[in-house]
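Sending over a structure as structure tokens; questions will come in a sec.
All chains are identified by letter, namely A, B, C, D, E and F, in their written order; residue positions are counted from 1 within each chain.
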Amino acid sequence: MLTITKCYSFSAAHRLWNAALSSEENEQAFGMCIRTHGHNYKLEVTVMGLPDPVTGMIINLPVLDAIVQEVILTHVDHRFLEQDVPFLKDVLTTVENVVVIFFERLQPAIPEPARLFRVRLFESDQNWAEAVAQDSI
Amino acid sequence: MLTITKCYSFSAAHRLWNAALSSEENEQAFGMCIRTHGHNYKLEVTVMGLPDPVTGMIINLPVLDAIVQEVILTHVDHRFLEQDVPFLKDVLTTVENVVVIFFERLQPAIPEPARLFRVRLFESDQNWAEAVAQDSI
Amino acid sequence: MLTITKCYSFSAAHRLWNAALSSEENEQAFGMCIRTHGHNYKLEVTVMGLPDPVTGMIINLPVLDAIVQEVILTHVDHRFLEQDVPFLKDVLTTVENVVVIFFERLQPAIPEPARLFRVRLFESDQNWAEAVAQDSI
Amino acid sequence: MLTITKCYSFSAAHRLWNAALSSEENEQAFGMCIRTHGHNYKLEVTVMGLPDPVTGMIINLPVLDAIVQEVILTHVDHRFLEQDVPFLKDVLTTVENVVVIFFERLQPAIPEPARLFRVRLFESDQNWAEAVAQDSI
Amino acid sequence: MLTITKCYSFSAAHRLWNAALSSEENEQAFGMCIRTHGHNYKLEVTVMGLPDPVTGMIINLPVLDAIVQEVILTHVDHRFLEQDVPFLKDVLTTVENVVVIFFERLQPAIPEPARLFRVRLFESDQNWAEAVAQDSI
Amino acid sequence: MLTITKCYSFSAAHRLWNAALSSEENEQAFGMCIRTHGHNYKLEVTVMGLPDPVTGMIINLPVLDAIVQEVILTHVDHRFLEQDVPFLKDVLTTVENVVVIFFERLQPAIPEPARLFRVRLFESDQNWAEAVAQDSI
């Protein structure tokens, strides 16, 4: 199995707050993440496939860059995730929930025969979530 | 000259907006930083001095940790800088302005004979500001 | 498949020495690792599952932190592995052997429906071992 | 499943140019990579197996070091890949193509019962390719 | 003293060869660096000054980006340093020599009242050179 | 001012214990560092000077490597600092004390006209000490 990975980054504000819970329940569930804060997110996008015989590439990285820019980065970079991003409205923006949404947006955008294999989203160097294509493993 | 450095981190939201400027002037000056976003800030605090003969330390790091926690981190971690932090109210929170304020708060808190030498504040791995004590160089 | 990963660190001393071997055999097998030395170990714990609908989390990270602290870190941080740690007594503390023991200690401690997926233990930035749950792949 | 990983690095020059294409087609396919440039490549070699009962190791890292040195590094370090390296002559040295060739060279060199599991080749911190043994997953 | 630093990167090929020396002398002086190879160079540019009262910035980073792009990066990124770069022709491209040339090109390009304080050039994470303005220290 | 820096690493065990203090005083001063533990130390050695006109180098890095190996690394790598290293016997091995001793050992070993400018010793990515030549600043 062969993959290529490209790493992106964006800066965003967010908070964790579930409107269906009381203030006490929110604080118990999310601690100080109920306060508006932010991260330098790092996003790793991994595509699987075979190298094209002419270019030697699974996917041309400038092509992947343009996809990730259009599908993800332009919407989330320098944004307040829950407030500014249409596809994150009313979403609890845990790193798990966000990485799944990013995966679902990216998967149909990758041109065949390449396929999206994995998306990793780092909230910091110390914690991250990872979504892997189910038919790939 | 001898120094000891300890590295801290905090996550915060901010935006750059000067109320004395028009919207167009703000956008020209600050670009997409006029939108609420956030960072994993990294803070390096450097203290100069001589090692204490009994402990071999310029400053005991748990002591430094407690100072930085009380003077800086408890106020800014998981906060919206301009909105939530009393000493950053009405401040344009560029990394230059913030590092100067952090330096000025930390300097009187370092117990003698140690002295604050330098504070570095990283907005990301790619850009940071640094304030150095004037009488140290 | 979805996972969340949290990164921990600890500092420990160790040496590699098999009491069943002669000094020459130990030196041949382990080189300068027969001498007492130490590392800043880095430990990555990866948990798989589905985000809880209420919290958006596979596992609440403070819960995971408390588990890793109790099951691993409190025993090994600032310790001499073979001498001080009951569950590493008489163990040849190669990074492979230690990561398996950490995996076996962590696996039953992860609260359902989340499941331990992977444990990575870094002796340095240049070498690490990784144990992956067999039923996960 | 248990693996051990060791990280290596080398510096090399390369360019992307397909002699079967016109200059315009090359520039369209490869952009500024048609110009001679270079990288600090990072190479991660991952070996799977069970720890030897006597040594506690899947593979002794100095043994792995010698294999990687002989099979890969001595040929590519401080070289112009397409011009100087016999097994990369006439190869389009995309990171995908090179990682496959490295995998194929390393796989038969790993002494049983250990087996090569994965090779990752980083052109930079921002992009890398990864080849995984097909029978391992 | 207050500074702001921005980090850039570029990929380039080079070799060390002094035409005034014999082959043996070149090999003795430069070892395997006499062979064409390459690096992911990292460039840190540090500017000193006072924050502008209106913008809170020593220098607006997009302005600095444009300067570094025009004065340095456009000339050296994806290039063979000694062959392709007019201002490095006939230069022995040690990291010391290159950082001095970069410093001299950048210094007059920084708009007053800001001043260039320091340029660091990393050939790798393990070695770098640093040029500091003489009147700054 | 121009400098060149090279980065080294070594793994060592140590503990902090002042024989002139009681057990309670030691624990109060050094916390859990009174227990035998260890680190992957990182050592940055910075040399100042002018590039040699023939080689373009302040100091040839293989020469610096040999000096650091002989003066420092061979004594401390894979060692128990207070027990195994003659020049650290009876020394309280705080990172401040050790960096001063390293500086004093390295300074006379650097061949003129180059001069030792700075030594940085990292106990971890989060804390380090730095000794700078007094006549250099």
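Keep this in mind: a contact is a pair of C-beta atoms (placed from the backbone, for glycine too) under 8 Å apart; a residue touches a chain by one contact, two chains touch by 3 or more.
Since the model is a prediction, treat every value here as computed from it, not as a measurement.
Under the touch definition stated at the top, chain E and chain F share these contacting partners: B.
The interface formed by C-D recurs in E-F: of the pairs listed in A-B, D-E or E-F, only this one shares over half of its residue-numbered contact pairs with it. Rounded to whole angstrom, the centroid-to-centroid distance between chain B and chain F, based on C-alpha atoms, equals 28 Å. Mean C-alpha positions place chain A and chain E at a centre distance of 34 Å. In whole angstrom, the spacing between the mean C-alpha positions of chain C and chain E is 42. Shown for chain A are the residues that touch two or more other chains, namely 125, 137.
Taken pairwise by the contact criterion, the protein chains fit none of the simple patterns, being neither a path, a ring, a star nor fully connected.
Pairwise, the chains that make contact are A-B, A-C, A-D, B-E, B-F, C-D, C-F, D-E, E-F. On the side of chain C, the complex with chain D involves touching residues 16, 18, 20-21, 29-31, 91-97, 99-100, 125-132, 134, 137. Across the complex, chain F meets chain E through its residues 1-7, 46, 51, 54-58, 60-62, 137.
Within the complex formed with chain E, the residues of chain D that make contact are 9, 11-14, 32-33, 35-40, 77-80, 83-84, 123-125.
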